[in-house]
Amino acid sequence: MIANAQAGTPVAGSFAGGFSWAMARDLRLAWRHPDEAVLTVAFFALVASLFPLGIGAEPQLLTRIGPGVIWVGALLAAFLALPGLFAADYADGSLEQMTLSPHPALGWAAGKIAAHWIVSGLPLTLLSPLIGLQYGLAPDTLAVQALSLAIGTPVLSLLGGACAALALGARGGGMLLALLALPLFVPVLIFGAGASEAQATGLSATPHLSLLGAALIAALVGLPAAIGMAVRIAVD
Amino acid sequence: MNWFYFSSPSTFYTLAGRLAPWFFILAAALAAWGLYLGLLVAPTDAQQGAVYRVIFIHVPTAWMSMFLYFVMACYCGLTLVFNTRLSAMMARAIAPTGAMFTFIALWTGAFWGRPTWGTYWVWDARLTSELVLLFLYSGYIALSNAFEDPRRGDRAAALLALIGVVNLPIIYFSVQWWNTLHQGSSVSFKGTSMHVTMLTGMLVMSAAAWMYAIGATLVRVRSVILERERRAQWVRDAGAA
Amino acid sequence: MTGKHRSGEPDVLQVRDLACRRGPALLFSKLDFEVAGGELLCVRGPNGCGKTTLLRCVTGLTRPDEGIVSWHGESSRVDPERMRAAMAYAGHLPGLKDDLSAEENLEFSLRLRGAPTTAEQRRDALAAVGLDKRRRLPARRLSAGQRRRIGLARLALDPADLWVLDEPLTALDDAGQALFVELLDRHLARAGLALVATHHRLAPTSGVVRELRLA
């Protein structure tokens, strides 16, 4: 005997419902396969370690290029984590179910991005002081560096998420995604690297950080809706 | 008068075909006048000599590169909101012209930079923003052609263009903060009041670029319409006639 | 119409003047139909005639080129959330996560539908479709038919009024098909609506069965 649910029970969709659903599900999936998060972080550490080997390990030079190298490394690592963000959901039909759910797209799109950031952006931010030490950055610069990454990597996740959703099912795969996402990352890179560089040269990092914060607010306001729309276009 | 009459691709096809030559003629005439003013009439600059005359190509193309992106984004907005066919085709038709103007602006800028700054390229905010603009155009073109179903490409690329348009002012305003850290901007026209003929020449050249952009877009949108509507009866009739 | 006459219930789902083209080819146009409570509308037709596209147009996944889909008299374009809240859709793609167990898949898909379930409900539903021994196995280790059965458990727990199902009997064995018909019976008996694209002959004991043929 199958116990049917009561027909006609009004089901309620809400932002919070979609957000917590997407976040809980994606975090559980990431927990089942922690290797992806580990690979992102390993890639970041590896790229950052290649620079001293490539351009020389002179301490003064390293201190100067450190902030920029760390930001570029974090940006590339965040980019590499993008293709998987929607591809699996697209292939197994979860995106269709999400589009047809009573929860607004805003909610589950934001939830997916939040989970993605926790798995990719957050570990990068936490690891950055360690890499910064390898480059001989001063403690205050390290703090500003971590802060700029903490504000900046969510913007990368949001922008990259939108591009990844737009490129679903497109010919050209990874290269196309790079062409779409990396130009949009440029301002984030400029402000982010600028903040710790300003701190390192004795200037105030505040203007950069506030611009980065403004970018984060703008991204939080606009991009989840854009991601929802991109997904809707993709499943059409 | 029915405002939607010309929003039907078949009627717009005819209209565009009739208008395009006139815009090209206007563009050629204005360009000839503008170049005459710029290269022969305008006085030589006291500091830069004759090199500054690149300005008559450089500035109008740079203006157009940004303005065309804005126009393209407006068409993209129409595409997403109203799902109109013609607006998506117009956006597609504008993109290559916009990318071309962006490229010319960068290229002439490099040739201007070499004698005056001593280098073809600096990572100045304005140059970088223009380069990003070129990437945005290429991203738009690549994405709009990356799908089997052209209308899917239309809508995905339209959304990308709209995300990009929000990005433009962000890049643009980064100038102020960025330059305080790196070397200051090397060339500025502040203080040197611009000669009237120089200004006229530049405006005439801008008008020429404008006319060319409209003409080129109309020609290109005609081929986009033909490609999309090749199965429609009116195209077959036109082909048979 | 097959057999029974239409009941006097008002039409809850109305489709007017629907047209859809895929690329240059016109799949269907000027399509009108309605479904009332307690009715099953079977969409039939040869492969490639647009059954899936029609279903996707009704759900709102695909934008039709023309036409209006109304739910309780209101266009679904105007208020899509209202229709989505009352609709369960199962397409060709199962929407299952390979790395999650059958029970987790059930839990998450119903949470996504805005209808949270208790562990006991999920256990019972999975037992009813014959998956009680396998409910903790990751979905990747289940057979195609067993994965379909997770879908049946999902339908059983979903309070949706409208079912939109694309080939729901694919990969199900005889017992599985009987389970589906039993579910469908119950759904129609409580005045639910069903729009089903299928090559099989469905004969539920309750409700009105009608057919829509696409050429």
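When the chains are written out, they are named A, B and C in that same order, and each has its own residue count from 1.
The criterion applied here is as follows: a contact is a pair of C-beta atoms (placed from the backbone, for glycine too) under 8 Å apart; a residue touches a chain by one contact, two chains touch by 3 or more.
Being a predicted model, the structure only gives us computed values, none of them experimental.
Asks: Sort the other chains by how far their Cα centres are from that of chain A and give me the top one.
Replies: C
Asks: Taking every chain's C-alpha mean, which one sits closest to the mean of all protein C-alpha atoms?
Replies: The most central chain here turns out to be A.
Asks: How many angstrom between the C-alpha centroids of chain C and chain A?
Replies: Here chain A and chain C have centroids separated by 36 Å.
Asks: Roughly how many whole angstrom separate the Cα centroids of chain B and chain C?
Replies: Those two chain centres are 49 Å apart.
Asks: List the centre-to-centre spacing of chain A and chain B in whole Å, with centres computed as mean CA coordinates.
Replies: A distance of 32 Å separates the two centres.
Asks: I need the residues of chain C touching at least two other chains; which ones are they?
Replies: Residues 63 of chain C each touch two or more of the other chains.
Asks: Multi-chain contacts in chain A: which residues touch at least two other chains?
Replies: Those would be 236.
Asks: Which residues of chain C touch chain A in their complex?
Replies: 59-63, 81, 84-87, 89, 91-100, 104, 108-109, 111-115, 121, 124-125, 128-129, 156-161, 179, 182-183, 186-187, 190-192
Asks: Name, in rising order, each residue of chain A that touches chain B in their complex.
Replies: Chain A reaches chain B through residues 159, 162-163, 166-167, 169-172, 176, 179-180, 182-184, 186-187, 190-191, 194, 197-198, 201, 203, 207-208, 211, 215, 218, 222-223, 226, 229-230, 233-234, 236.
Asks: Okay, in this complex, where on chain B does chain A touch?
Replies: Touch list, chain B to chain A: 80, 128, 132, 135-136, 138-139, 142-143, 146-147, 152, 155-157, 159-160, 162-164, 166-167, 170-171, 174, 177-178, 180-181.
Asks: Applying the document's contact rule, which stretches of chain A touch chain C when the two form their complex?
Replies: Within the complex, chain A touches chain C at residues 1-14, 17-18, 21, 24-25, 28-29, 32-33, 88, 91-94, 96-104, 108, 235-236.
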